[in-house]
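Right after this note come the structures.
One chain, chain A, links the two complexes that follow: it is found with chain B in the first and with chain C in the second.
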Partner chain A sequence: MAQMKFMCDAERCIECNGCVTACKNANEVEWGVQRRRVVTLDDGEPTEVSISVACMHCDDAPCMAVCPTDCFYKTDDGIVLHDKDLCIGCGYCLYACPFGAPQFPKQNAFGERGKMDKCTFCAGGPAETKEEEYQKYGANRIAEGKLPLCAEMCSTKALLAGDAQEVADIFRQRVVQRGHKDGGWSGNPQAEADSLAYDATQQG
Partner chain B sequence: MRLTRKSDTPRASGLGISRRQFLQRSGATTGGLAAVGFMGAPMMQRAEADEKTPVLDAPVETKRTVCSHCSVGCGVYAEVQEGIWTKQEPAFDHPFNRGAHCAKGASLRQHGHSTKRLKYPMKLVGGEWQRMNWDDAIEEIGGKVMELSEQHGPDSIYWLGSAKFSNEGSYLMRKFAALAGTNNTDHQARICHSTTVAGVSNTWGYGAMTNSLNDLQNAKSILFIGSNPAEAHPVAMQHILLAKEKNNCNIVVADPRFTRTAAKADKYVRFRPGSDVALIWGLLWHIFENGWEDQEYIDQRVYAMDEVRDEVAKYTPDVVESITGVSEADVYDTARRLAENRPGCVVWCMGGTQHTTGNNNTRAYCILELALGNVGKSGGGANIFRGHDNVQGATDLGLMSHSLPGYYGLAEGAWKHWARVWDLDYEWLESRFDQTEYADGKPMFSSGITVSRWVDGVLEEEEAISQRTQLKAMFYWGHAVNSQTRGVEMQKAMQQLEMMVIVDPYPTVAGVMHGRTDGVYLLPACSQFETSGSVTATNRSLQWRDKVIDPLFESKPDHEIMYLLARKMGFADELCKNIEVNGTEPLIEDITREFNAGMWTVGYTGQSPERLKTHQQNWHTFDFHTTQAKGGPADGDYYGMPWPCWGTAEMGHPGTPILYDTSKRVSEGGLTFRARYGIERNGENILADGSYSLDSEIEDGYPEFTADMLKDLGWWDDLTDEEKAEADGKNWKTDLSGGIQRVAIAHECSPFGNAKARCNVWTFPDPIPKHREPLYTSRRDLVADYPTWDDVTSHYRLPTLYKSIQEKDVTGKYPTILTSGRMVEYEGGGEETRSMSWLAELQQEMFVEINPALANDLGIAEGDDVWVEGAEGGRVRVKAMVTNRVGREVVFMPFHFGGMFQGESLHDRYPEGSAPYVLGEAANTATTYGYDSVTQMQETKCTLCRIEKAS
Partner chain C sequence: MNISHAWTSVWRMALMALVLILGLGLGQQALAQADPDREIATAVPSVDADAWRQIRSGETGPNFRSSRFDSNYNLINASGENWRQLRNRWVSPFGLIAIGGMLAMIVIFYLIFGRKRLDEPKTGRKLPRWPLMMRSLHWTVATLFILLALSGLNLFYGKLVFKPLFGDSAWSGMISASKLVHNYLGPLFGILLVFLLLRLFKENLPKKHDLVWFKKGGGMIGKGHVDAGFANGGEKVWYWLLATVGIAVIASGLVLDFPNFGQSRDTMQWANIIHALGALGLTAVALGHIYIGTIGTEGSLEGMTTGYVDETWAKEHHNLWYEKVKDQTVTKEQLAADHGNTRGGDQAAPRTS
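Up next, the complex of A and B:
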């Protein structure tokens, strides 16, 4: 079975927000909720780096671990989904998530947040009909044999989505091809070839 | 050529089902945001209710269209069900973008669902918007135009067109203005790349991007100067980053602002706005000093490089550092990178063009590439990224005040050429114009007022204008007035007009900033997704767009509105003499065929609608690296037949992927530099010397082809008898049979000759480009050595000021340089994109970028409200963004905002429900006077301002 993952190649990401509006286009998530966001570090400095972030569909997802109503589940493809009918809008998942993926349509305290919403890897969610699925969770492109629209539309092919192995292969090829002394992260003068994981704390 | 007479058949009733009607009929409205009582994150504003697209089981029709937000020309698959645009899929097989999109392209589908659109014709009566029907609107507006025309002459009405028209719309609008008897028509190319077109075409023949985005992949070095593709042309970055990764391309960004493109560069050079020529001469100083120039190339293909050497000698490293602020080491290092990594190219955009000295800048960039021997080579060139999706096409099709379609100009010969193509009587055409002669000559032959100056066309004293009266009525047909400078005076001009007509999918800033209570009309035009036609991308490729959906609400396509007005004004039969008209809509394909029949100068002749559609249906056959089709029905063609696509469509020329590339046969897309300026200058040969395109039968320079030249060469009998009858006495530009071009190419020669590129443009104010200080300069100490020009009495019909503005020292009150630019989420004046909720959500606040040091000096913190006051007193209230993106002497504002005017919201002036989601001050309310000495380009990139904290 495939293990679906996103990977954003920071060397390619230009913060054009194409992924963000592609997500809106596919899922029509309401104003104020952005399943995908582009984060820029050191904006306007020589060390500026951008990366597109959404739910990372973790192997061992902290949101799943903390949810009091156990509304999360994992598909055979490794996609983390949740059932909005079970969600009580408590917000624990938001605290647990390292990426800030879970979002809520309202900001009020005491359970007034509304049902949690997050990236579904364009895999929809539990519903009786297609209409209901689209209404609650947005598109189910996976069912149509397509990948998430954000990655498919990425302007520079920075955002990759698909089976973890294939995504890793593409990225590995790029790193080899670039052959820069800093590997995939040459935007950051402090990065080293053996450190491929981006470490924001190393920013100057 | 197949031209069909117009038909009188009325159009079938009903415009089809609009999405809204469909929803009403089917009851398919989904709940969506039933209650919108949420507030998002603290910065989020409340959005208005919007339904989700219904989920339909209806059959899917897939349409192929092209994004309308910039000139990259990204392909799009639009999926339509029951007339509703329900999905947008990436076009992975498209040769330009491979499915990729920026924020604007990825939200394209929202065009099919916009609730902010102008829904029906309206007029302003006593300060209130009143709905009208189309018949009454055309009757009233057309009637007023005729009345003004009668009273003040046809030049009293200004037809401001758009780079967002299709090629067909652009061409028809120019023809419309001609038949209405005026050259007062223009579009945004004037304020975007007019200095490029003038500077570059006068250097080597054509004023367009020489290579393609795809070809950037082959560059070893790229110099971006005044260009920020990461925000303005994001999908171009796909090719640029591939060059960097696969070709180890050295990327240098020279810009006053550390842009998102700079963040991806190998080297960033910060320089003072308005000092481009000095910086380029600084680079050339090192190139000449170190012998890095390509001498053989210069000897064969370049005229007057020696004169450049003499000028460059004055720009020693210390002089360059003083003018530009760039150190000798940085200039040397940049020059070395460009010299050591060839072929390389230069890319420039508005940062280079929008200056009073724009024509000097663009020629300096070209000369740099000529010195390095980069032009006419894969991976090299002058890659000018155009702005709007069809600004290249609208320029080529002559929607400009100084030319007829195809850069034929306005001389008698040009009119006669087009009169033949239009099958109209020349004398009748002549009779349409004001017959009086003014300072610039007869209006028919004199360049009209430019879009940059329409404000002065209204406000200037009558005696000072080179036409009978001031402008009395303005048509803003697809135009964002907030992308133009001098907002405060613009408002004054709007108030003096007798009539304002806004034709646009949105009410636009023009519809709300005027402060009038009467005499303003709004006509809803549809977007390019609601009609079909061709569009020219920045690389000169033509692409065909399918109609995705029917026009929304009561909107109509541009070409239909032109027909309706022409019918009211009494020249519809002449306008559409060769064009079939269905009901009131001229047939798009017939318009294409008509310009195919006349556009010989730039080779818009081979791209018939049939060939364009073949390319459109076979995206997958074109190679991503070369753009050439491998097999399939378009085998061997370059995608979109980038112009020049010589001869007739039957000749099957593949298009020219790289201009002036002598390594290919002309029949296969090769080319030489154009022989446009005679054959000698002061006794010196200016034709190419020992350089010619592959297999050319003339193995040296040669002039442009004429019938007589064919006879001299003994090639005359290669023409058919029919061609001979047409071609006799004509040349490659005026022979409507295409025979002269065909025979020249059969001998592998360029129809336009084979000359040297020229560094000395002796017809321009500065034949060799010079640094000249901006009109509003912060460096008063440089004015004496680098002054601007003397004032000009009449240029494009208007007095144009230089010295009298520069003489005034305003640095005491206005010490800071103000520049402007783009953001990725919005386009142009932003009215359309700020009306798209998916985009508007991302950028909700107009801002000014201020360096931390300057902010501290002024006591301003991030997020403060500040007043930015331009040197002519226009004030905007915006948020402060404190960032090192800009240097200490410079502040930056994006120009996409509108709907606030000097602190006041114009929200309530919009027709109900049509105000964009996001409003903000227009940067150009604070910008100032200044126009290029050749093209009247506006100065937006370098003026002065002061900033103070708002209380």
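Up next, the complex of A and C:
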């Protein structure tokens, strides 16, 4: 079975927020909730770099481990989904998540946060009907044999989604093609030793 | 024709020269691109491995921007994993050990030593100990404590027991009810506990004779009795546990209960750890308090239900207090008569210290 993963190539991301918009549009998420975000590091400096972040569908998902209602589950494709009927809005998944993926529609007194919402890798969630699924969790593109819309619509193909092996292969190929020894990221002092772009075909 | 031909050749020469010059320039540029060392030397430095390492440890520089409008989160929530491990690996087993251990100790103690009976027979003369106000406060706080303890335990451990046992739909109702009970009754408990603590402050100030009480183990085993005022050493410990750990649990609970004040994720992680540790510890100690107050000691419970205690009980368990208030004794008959007067005998019970 596939292991679905996102990967954002920070050397390619141009901070266009197309992924954010595509996600909003594909999933019609609630007002105030934004499943994907683009963060920019060193904004305005020469070292500026951007990266698109959402739920990374961890192998050992911290949200799953701390949820008091045990509402999370993992699909056969390694996608972390949750059941909104079980969610009580306690916020523990948010405390534990490394990527700030879980969000709540409300932030009221007495811990009234509403049901948690996060990226589903465009794989919907548990529901009786298709309409209910769309209304609660957004699109189920995986069921239609399609990948998440954010990655599909990425203009520079910085954001990749799909089976971990394939994504890794594409990225490795890119690093080689870039020609630097440090094609993964610039200014890597380890570049000589790592030799990420070693390409036997170019030798002698 | 010849002239024009000559002109054409001149143009051709000029064009070729231009191509040559441009070609040389372009060639040099292409060479530079093909040389990775030169490229590295001249490229604008980007976020390097060290920067990524820093980001993974939860730090982000001042020029960090997130496209999420209300997000002040770092790129990586490094303390999240720390919180998860603390909660799941340390606090979770601690609670089971504390509460399970206390239950086991109580059962073993009861089986070996049994109930602490009064040495002398009851005299039938009663002393007012807990006025109605105090009893109402005590039982309200006690009921809330039990509700909060049960819902809290369900929030922590319920998924391991009841979800597989009852199935998703029953579990869904159960857990959301637990959360509502916990979040809405918690602040009420907090307010009432503060009242209770203020009311009992004077009686629980530590005294010298409390040290002797501790040295002799409170006289729980065997015949001997130890000096004690209105509150004995054990009761004072329970009071001060509530006044310290209890207040910490309430304060951290309020931090978790009101996320609308914009406290950070890290603050709530620590609040959660303090809340869980304190509450589980207090639940364990509360089991001891419940045991001693009910089946553990003869004559204790009636103080908190009727408001009056037997003279013998007062003499044996709170001798210093008894010496102060022994002139206030009333007989059973008087008490019954008072009850007949619909006054319940409660307003009549003076507060003592």
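The definition used in the following text is that the second predicted complex is superposed on the first by the 184 of 204 C-alpha atoms of A that agree within 3 Å, B and C clash if a C-alpha of one lies under 4 Å from a C-alpha of the other, contacts with A are read in each partner's own complex, and residues count from 1 in each chain.
Assume a residue touches a chain if its C-beta (ideal position, glycine included) is under 8 Å from a C-beta of that chain, and two chains touch if they have at least 3 such contacts.
All figures in this text were calculated on a predicted structure; none of them were measured in a lab.
Of the two partner chains, neither chain B nor chain C is touched by A:Leu81. Of the two partner chains placed by superposition, only chain B is touched by A:Asn25; chain C is not. Of the two partner chains placed by superposition, only chain C is touched by A:Gly100; chain B is not. In the overlay built on the shared chain, the residue A:Leu160 is in contact with neither chain B nor chain C. Between chain B and chain C, C contacts the larger number of chain A residues. Contacts of chain A with chain B, set against its contacts with chain C after fitting on chain A, overlap at residues 11, 17, 20, 32, 34, 43-46, 48-49, 107, 179, 187. Considering their complex, residues 33-34, 36, 39-40, 43-49, 51-52, 55, 60-61, 63-71, 73-78, 80-81, 83-84, 87-88, 155-156, 158-159, 163, 168, 171-172, 175-176, 179, 183-184, 187, 256-260, 265, 268-269, 272 of chain C touch chain A.
Residues 30-31, 33, 38-41, 44, 46-47, 52-55, 88-90, 92, 97-110, 230-231, 234-235, 237-238, 241, 245-246, 248, 258, 260-261, 263-264, 268, 824-825, 837-839, 841-842, 849, 883-885 of chain B are the ones that touch chain A when the two sit in their complex.
Interface residues of chain A, counted against chain C in their complex, comprise 10-11, 17, 20, 32, 34, 37-49, 51, 53, 62, 65-70, 83, 85-86, 88-92, 94-100, 107-113, 179-182, 185-191, 197. Within the complex, the chain A residues that touch chain B are 11-12, 14-22, 24-25, 28, 30-34, 43-46, 48-50, 105-107, 114, 130-131, 134-135, 146, 149, 152-157, 174, 177-179, 187.
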